[in-house]
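Below: a set of structures, written as structure tokens.
Paired with chain B in one complex and with chain C in the other, chain A is shared by the two complexes that follow.
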Partner chain A sequence: MYQGRGFILVVFVVLSGAIFYRIRLARTGKVPYLRKLAGVSAIEEAVGRATELGRPIVFSPGIAGLGGEYGAQTFAALEILGYVARTAAKYDTRIIVGIRIPEVLPIAEEIVRSAFAAEGKLDRYNPDDVRFLSQAQFAYAAGVMGIMERERPGATFLIGGFWAESLMFAEVGNSIGALQIAGTANLHQIQFFVAACDYTLLGEEMFAVGAYFSGDPVKKAIIAGQDFGKIIAIFLIVAGTLFATFGLESIVNRVINW
Partner chain B sequence: MKREIPLVITFVVGVIIILDYFFKIGIGTLSLATVSMEIQNWTLIIAAFALGLAAVNLLRIHSANIRLKRPGWYNSLALIITMVIMSFVGITQGTNSPLYRYWYTGFLVPVDATIFSLLAFYITSAAYRAFRARNVDATILLVTAFVVMLGRAPVGELIWKDVPRVTKWLMDYPNMAGQRGIIIGAAVGALSLGLRILIGLERSYLGQD
Partner chain C sequence: MLGPVFATWMGAVLTLVVFSFLLKENPAWRLVEHIYLGFTAAHAISMGWANVRNLAWTPITTKGKYYLVIPCILGLMLYARFTKNYKWVSRYPMSFLIGASTGMILKGIIQAQFVSQVKASMVHISFDNGFWPGLGNLVIAVGTVAVLFYFIFSTKEKHPAERHFRTLGRWVMMVAFGATFGNAVMGEMTLLIGRLQFLYGDWLHLIK
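Here is the complex of A and B:
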């Protein structure tokens, strides 16, 4: 085993074990209760609003790719895109998706196409509405802002990994009066979304949305299993604080470097 | 089979990458690290193909704009012309050639910087809305932000020498505690999503079921 990764492995195994245990419980009929999140409930409201106004929806899955530490955010965004696209198809509302990462393009195309197909409205699917804009960060930002200004969407979804462009999108969306739902796990952008958007999915909430929509008890069980991860984190924080207080940092360092 | 094969590939590749992160496993010249590296090289090749698809998407949409004379069609024309020229110069002379570098640093970089600079105005308008003292929470935000801004500017220390210390305390304790809560939650959430994808419970990336 590589040095310094033993402790991570233990946490990974324990957390995975807790999640699988909750899955087993769910399969025996013990479905956990998930509290309602305002941002999640607002998704249908946002699509409904755009429909009433006769305006499209603009969706940005962020600027992160599919790999690396930010990849999970893109996958979470694509999960939410599937639900939003299906709701848009149900209400006959146009959905425009702006893409920055080339690998995300075929996946987003397939998600939106199959969402329209699932609602029996494949003829309403316009492949030109899933658009690759640019790989360059600010060219992409200009592209999304341009689409917002021209198309005047009734609702915007800014969900995924965002960096400096987050506030640009949110402010343009705000200036055109769109109902905005945002979500990111990028710490330094969350406050911008909170300040400028109507609803914000904070960090872990964004990753849980797929389980909410699916209604699948097993997926709900996984979300409940996450709570065990947070209990581990709280325990480690308390233990670390005690060790540091009593001058036992060497023990902490030994565990971390194992 | 259209669904099963991608799910099997996802599982096998995911397990290899995870095992490679933790363990040094190898028999003879074949090691897990080599296999993992090879898989990561494949993703680069797939990314190159995806870039081709993206270019086709871009050309299709913008050539339709020109053909149908949609509003702003001349912007689409400018995009296609510059894209073709830059691609031609990049492929034939390389991206380090003086001509390519001239266009890159002379056009793209300043336009990029211009778009970035818009952020200053957006921050101002967002701050104006966020800092209005509409309720108790917003008032706390307003007061805290005022103290932090004062502590970051030289004038703060002139008003009261301890303002930078108060700012540091606000950033290091209440702010950091909130940040860590979000970081831990997001990390656990990302791990849980990864597990859902790995075991095939999450398939939305393959389209609807």
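Here is the complex of A and C:
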């Protein structure tokens, strides 16, 4: 029998239970508190800077799709896109979105269109500014880099799932003097954004900022539910380390391999 | 014989044009950028057609796998978004795609991203085998907890110690990013060396 199935089931039930419980509370009006992250102000500042310079904004929601392990990053990016597009519409600033995944295109189009409509500026919405570039990773990278060089944006947003193209984008954005806000939960790419961008949303900060901007109580509740998972992880690590240090590894192994 | 020579020259010229982007965006780079995008679009169409033929049409018509008609219909429904009145139809296959792929990863994600990570962080802190291994394990345990604490968003800071512990978590991450940055730059250098070997070896024959 596969070892550890029981423990995985318990973790799954507890984590899901915590998230469902917080969602239920949020629906009854008990919206969880989310601390304001520095990234929120940075995003507002970036849109403001592009507006002052009279330059467009370039937004890339990454190269991940909508499903699978990395789908959540794309959804968080689209959430932030909604806020950025609405702020851009408010200040009459052009926003160009480069898309890699075909399924993301209609959603991004709808988000940007709705943002302009919400500000009563539907006539300013240009469908050609939400562009499908290519499904191939580096062709997409070439497309985004080309747009950045030609359009000279005042601010770039690189938020979502990124892989090897992350440093290419960040370098080009840096060379043209754009204020850059980046964010990804891909651990192997965050360091490039930290090095080359003005502000980086580290891992889960991206999801929290997405929930913060959406104002949706359910999304805030999901973040609060996940926080419970982190508290459990902290408890398990501390307890496990203490047990291991005092020679009681067998107990830890028995629990984890249950 | 002309084919490989042409391919090498083509590869070399395109490589140099792509490198020219490091100096400035220029018409040659723009041309290559558009050629690349065009090629990948053509490749995607060709692959898409091959997939429809090999994974759907042939099994349905020759092997009688009629259930494959369902994904074909779902695929066709995606195109409804180009119509004004039936745009909503495209949302059903989209929901199916997202739901199915999310469900599939649930199986392994708790094991890979929670249990394995927690297990790896439960370390035996002891200085019996030397100072550095013991310190390393202590850093792993404290660092992991501090980083996890940094990512708790729904609690108010009631004590300055919480802020300090979050700052520690941030510092731990920055140190880790520095180390992985150096490692990744080495990987990028390998790619550059590969390209230079192609230019100086396959193209100019200056090195063997």
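Please note the rule applied: the second predicted complex is superposed on the first by the 208 of 258 C-alpha atoms of A that agree within 3 Å, B and C clash if a C-alpha of one lies under 4 Å from a C-alpha of the other, contacts with A are read in each partner's own complex, and residues count from 1 in each chain.
Methods note: a residue touches a chain if its C-beta (ideal position, glycine included) is under 8 Å from a C-beta of that chain, and two chains touch if they have at least 3 such contacts.
What you see is a predicted model, and the numbers here were worked out from it, not measured in a lab.
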item	value
Contacts of A:Gly177 with chain B and chain C, given as first, second, both or neither	neither
Contacts of A:Gly4 with chain B and chain C, given as first, second, both or neither	second
Touched partner set for A:Ile190, first chain B, second chain C, both or neither	both
Touching partner for A:Lys219 - first (chain B), second (chain C), both, neither	first
Touched partner set for A:Gly67, first chain B, second chain C, both or neither	both
Contacts of A:Gly120 with chain B and chain C, given as first, second, both or neither	neither
Contacts of A:Gly210 with chain B and chain C, given as first, second, both or neither	first
Touched partner set for A:Leu202, first chain B, second chain C, both or neither	both
Residues of chain A contacting chain B in one complex and chain C in the other	8, 12, 15, 67, 103, 106, 133, 135-136, 138-139, 142, 150, 167, 187, 190, 192, 194-195, 202-205, 208, 223, 229-230, 233
Touching residues (chain side chain B, partner chain A) in the complex	21-24, 43, 46-47, 50-51, 53-55, 57-58, 60-61, 64, 71-72, 108, 111-112, 115-116, 118-119, 122-123, 125-127, 129-130, 179, 182-186, 188-197, 201-202, 204-208
Footprint of chain B on chain A - complex, ascending	1-2, 5, 8-9, 12, 15-16, 19, 67, 72-73, 75-76, 78-79, 82, 86, 99, 102-103, 105-107, 110-111, 113-115, 117-118, 128, 130-133, 135-139, 141-142, 150, 164, 167-168, 170-171, 174, 185, 187, 190, 192, 194-196, 202-208, 210-211, 216, 218-219, 222-223, 225-226, 229-230, 233
Of all residues in chain A, those that touch chain C in their complex	4, 7-8, 11-12, 15, 32-35, 37, 65-69, 71, 103, 106, 133-136, 138-139, 142-143, 145-146, 149-150, 167, 187-188, 190-192, 194-195, 202-205, 208, 220, 223-224, 227, 229-231, 233-234, 236-238, 240-241, 243-245, 249, 252, 256
Residues of chain C touching chain A in the complex	21, 25, 29-30, 32-33, 36-37, 39-41, 43-44, 81, 90, 94, 97-102, 104-106, 109-111, 114-115, 117-119, 121-126, 141, 144-145, 148-149, 151-157, 173-174, 177-178, 180-181, 184, 188
